[in-house]
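Next up, some structures in structure tokens.
Shared chain: chain A. Partners: chain B in the first complex, chain C in the second.
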Partner chain A sequence: MGEPGAVWAVAVLPPVVAGLALGAAGWDSVLAARDAGRGRALRAAADPLREAARLLLRPPRTVAAADRLLLRAGVVLLPAVALLAAMVVPLGNAMVMDPAVGVVWFNAVEVAVWAAVWLVGWGSNSAFGLVGGYRFLAQGLAYELPHMFALTTVGLGAQSLRVGEIVQAQQGLWFVVWMPVAFAVYLLSVLAMAFWGPLAHPVADDAAGGAAVELSGPDRLFFLAGRYALLAVAAAFAVPLFLGGGAGPLLPAWAWSLVKTAVVLGGLVWAGRRFPVVRMDRFAEAAWTVLIPAVLVQMLVVGIAVL
Partner chain B sequence: MGLISRLSCFAAGRPPFFVVTAAGGTAARLGVEAEARERGWRSVASPAACSVLVVCGEPGPDLEQAVERVWRQIPRPRALVRASVPGREHLITLLDRAEHELAAPDRRDSGDHAAEGHESGDEPGMADREADRDGLKLDVLHVQLGPVLADWPAGLVVRAVMQGDVVQRAEVATAEGTGRGSFWTEPWTAARTGDPVARGTAERRGAARSLDTLGRLLAVAGWDRMSAQARWLRDDLLADHPSERLTARFERLSDSVGRSRTLRWMLRDLGPVTAPPARLAGDAADRLHALLAEAGTAMGLLDDPTPLDPGNEAHDAPDTAPVSLLPDLLAGADLGAARLIVASLDPDLDRPAASATHG
Partner chain C sequence: MGVVVFWVLAAGAVAGGIAVFAVDSMARATFALLLSFLCVGAELLLIGLPYLGLLVVLMMIMEMLIMAVFMVMYMMNPAGLMPMTMVHNRRGSAAVSAAVFAALAAGALLTPWPERRGVPAHDTTFALGEAVMGPKMAVMMLVGVAILATMITSVVLATGRGRYDRHGDRLDARRPADPGRGAP
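Up next, the complex of A and B:
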């Protein structure tokens, strides 16, 4: 089913990821404008573009004794992670590559976000940046295990870690129907890995922007764009994992992939605004005592079903 | 008109702004926040992220120094707004000028009196090692919270000794007020001096004060959506919008915030207070509910025309109780919890005779 290595997929990947990231940022701006009671909230959709232009025209700010090399490495790592992870996400039937360990590739690449956020927080040489870095590491410890078990459940259900085969395995029934717990845990871990919405504590305003406290100019643009791209790519990966990939009536497969991705991404952005930030000193306990057992039970059910 | 200048024009719209409030600058801050909201300006929590630095009220020498240091670090194009007095017309002129300056980046900006030192002097003060709460030797950071910090009470400074993100010890200082009293207690002060004030007017101010505190607490709790709604309602209250629609909006807001399990989960057991006054009793979650109840009562009395009796409650007495509680409450809290504790107490340091040092 998959058509790995299609040349056009390589060319299309960056603009599609950028488009989805921009769409998510614009949608969030519109919702924010509506909540603040501003007239013509729809106009706020252009705010991310405006912010991008503003950041491009600004010199980066320099901070005494900042570790610029580490800071830049972290800043560039975020969008790089998003693009590398997107290589195994199919658009319809086409994807850049479809290795036998596609799911593992996604997971391995996405863990580099830990390094990215820590490097940025540490490199800015500010107490707030450091606190943001600590917060992301704590968050990683809380979400990564449930996230991996959710991915494993999907692999178990499809009897394969190849993304193309996972999509094929859902031709009769989408995985979301009989793996709802794994789906919910996956969506939560999407917010966590993109440190977005209720899981945005590493860059929260109470620590003056946390890991991003000193970022300005193009550094900030890369960091923020990378974060939205990560959110978009991780949301898009939910489509082949749980929502039948490009399957659907009338429209071509690539269009169904985009429609489903837009629904998941838009829903995440909408839902993310409806909760306060959760702090890891409280959430980590719930992640280990509730999420991990829940997703393990899910895995057990799936395991018995495929026997 | 070249591409760059056209891009600058586009980029200058709806700039992100960072607010610094001096003691006594509350009225100016409220004016700026309302006007900026109308224009679609976005408030940000870090000076590095802002294009416009807004200084509300009249900063004393210490704050002025901090403002200049922060200003030097903001990359161009940038604009400095000094909103020393409230007044809508005045603020409109100031914000217009800032937008204009950002769109024409070639010109020298208004705050260019300071020398061009781009390096910041703000690096964390690394002292030495101390045993932490588990007895491990860990690096100690000296971190000052305030006076330049978003969603932070004006005039409050907390000098914290931190290990990792945990506050080990905290010293609290307050800036000298202007001595002119607090914006929030004006109706009660006026009634005391014999001016006729309707009860409804005072309740409107009281409700706006509760919503300001609520907006700040929710912002610190990372709930932008509800924080924005609380501040919008506060602005409409202060702009004397008719009470019926405001009451309905408040009910919805109060329901969503009061019923949020996640928020209660995050606020529970933070900063427990047993001593009076009653409105501070309990943990941060209890204080949130007391705040909602207080605002709800005030919202029901917005149209009360009876004259205000200033004598029954000490509304303009010094608000020293929260400040004296802070050092004990903050010790052992992590930064996130410490910020929530301060926001849930939200001392009004503009009231007279509130200046003192505790530690």
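Up next, the complex of A and C:
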């Protein structure tokens, strides 16, 4: 499968991730403008660019005794996580690398979001920021196990942890058809890891913006852009895992990858606007009493089918 | 190339370990330790154990973040927001750590390491899985159940608000008596 390690894939990766992140932000702005009843909502698609320019130009505000080192580490870590995770996400047949344990690579990298959000919350030297950082850890304990089991189910179905072989295993039937529970759990965990929409409690308004409360200027830009990039990359990873990768008629494989990613990403952004924020302790209860048993049963079914 | 990367990672791991005791904040100490562990995980990647290496990275990030919560919670100054030091009883601890280091280094240098027999497995991940699910199955089952039992026991002992507190003595309360009462 594919041509991992292609030099051009390395060069293409950052612009594609940035484009998807910008697209997600633009789509979110359009939805916001429509919800607010503003006329010609589509024109709001350029809002994120304007906001980015504003954040770049505005002098950053600093809090006394903030731990700058840890704050910056967290702010930079978020987009870095998105880029590192994207290295095992195929665009059509091309990917930066296709290691034998690609799924584990994605999981190990994505977990660094825990560190990023907590570092930002702690480093701000703000009570609300710290509350947001702790909220994300609680949310992490809730989403990470169902997320891992969903990934394990895919690996079990394909009998491989290599992303290329997972795509190949779906040539007959997409995994979403016979692993719908794992797919749903994966999408939910994407919302949780990007603290987006109903699972945005770590940066929720009831804590004045939570972990991101004291971020301003370029720091805020990096943090928000990294969050959109993470959402985009995690949505893009659903395509090789569940939606047959670049498979599809007429269009080339890379185009199908992009189309499927756009649909998943657009749906996630839309869901983020559609549902209210869930408190992380409620989410934790649901995750441990509903999601984990459900995805374990899914894994059992897949395991029996594979045998 | 591999040798250079090995030594850079090894130096990074040791430097991270030293930084734990040099910094004045519990948060920084935690992340210095995490950095040290990440270097060790990368060493495992380097010697051709990708699954174990990534697992170390994955588990250490999660573990150190949870540990940060507890380290900050139990540290000696209020809220952990003031400068602190990880070092107490300087002379004694220096002596103990020097002795332990000398013993470990002597062990590593003096042990007659066996010659390699056979060749490494083609797919180390697969070989690991076979070992865990095959000859080491009984041990893994026992350890797994023991760890799970320990976790459940400690949570049961530690929690001040279990399901009987939330759902009543007969577990029939439709709405749990939680401190933050939102919508049902």
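Note that in this section the second predicted complex is superposed on the first by the 307 of 307 C-alpha atoms of A that agree within 3 Å, B and C clash if a C-alpha of one lies under 4 Å from a C-alpha of the other, contacts with A are read in each partner's own complex, and residues count from 1 in each chain.
Here, a contact is a pair of C-beta atoms (placed from the backbone, for glycine too) under 8 Å apart; a residue touches a chain by one contact, two chains touch by 3 or more.
Predicted model only: the values in this text are computed from it and were never measured.
When the two complexes are overlaid on their common chain A, residue A:V101 makes contact with chain C while staying clear of chain B.
Using the contact criterion defined above for the overlaid structures, shared-chain residue A:Y134 touches chain B and also reaches chain C.
When the two structures are aligned on the shared chain, A:R274 is found in touch with chain B, with no touch to chain C.
Once the two complexes are laid over each other on the shared chain, residue contacts for A:A212 go to chain B alone; chain C is not touched. Between chain B and chain C, the partner in contact with more residues of chain A is B.
In the superposition on chain A, A:W114 makes contact with chain C only, not with chain B. By the touch criterion defined above, A:P198 lies against chain B but remains apart from chain C after alignment on the C-alpha atoms of chain A.
Touched by chain B in one complex and by chain C in the other are residues 125, 134, 279, 281-282 of chain A. Remark: chain A residues 67, 69-70, 73, 99-101, 104-105, 107-108, 111-112, 114-115, 118-119, 122-123, 125, 134, 137, 140-141, 144, 161, 279, 281-282 touch chain C in the complex.
Chain B contributes residues 4, 7-8, 10-16, 37-38, 40, 42, 44-46, 48-49, 51, 73-77, 105, 118-124, 141, 143, 149-151, 162, 164-165, 218-226, 228-229, 231-232, 235-236, 260, 262-263, 265-266, 334-337, 339-340 to its touches with chain A in the complex.
On the chain A side of its complex with chain B, the touching residues are 31-33, 35-38, 43-44, 47, 50-51, 53-54, 56-65, 125-128, 130-131, 134-135, 198, 200-201, 204-209, 212-217, 220, 273-279, 281-282. The residues of chain C lying in touch with chain A in their complex are 25, 27-28, 31, 34, 50-51, 54-55, 57-58, 61-62, 64-66, 68-69, 81, 123, 125, 178, 180, 182.
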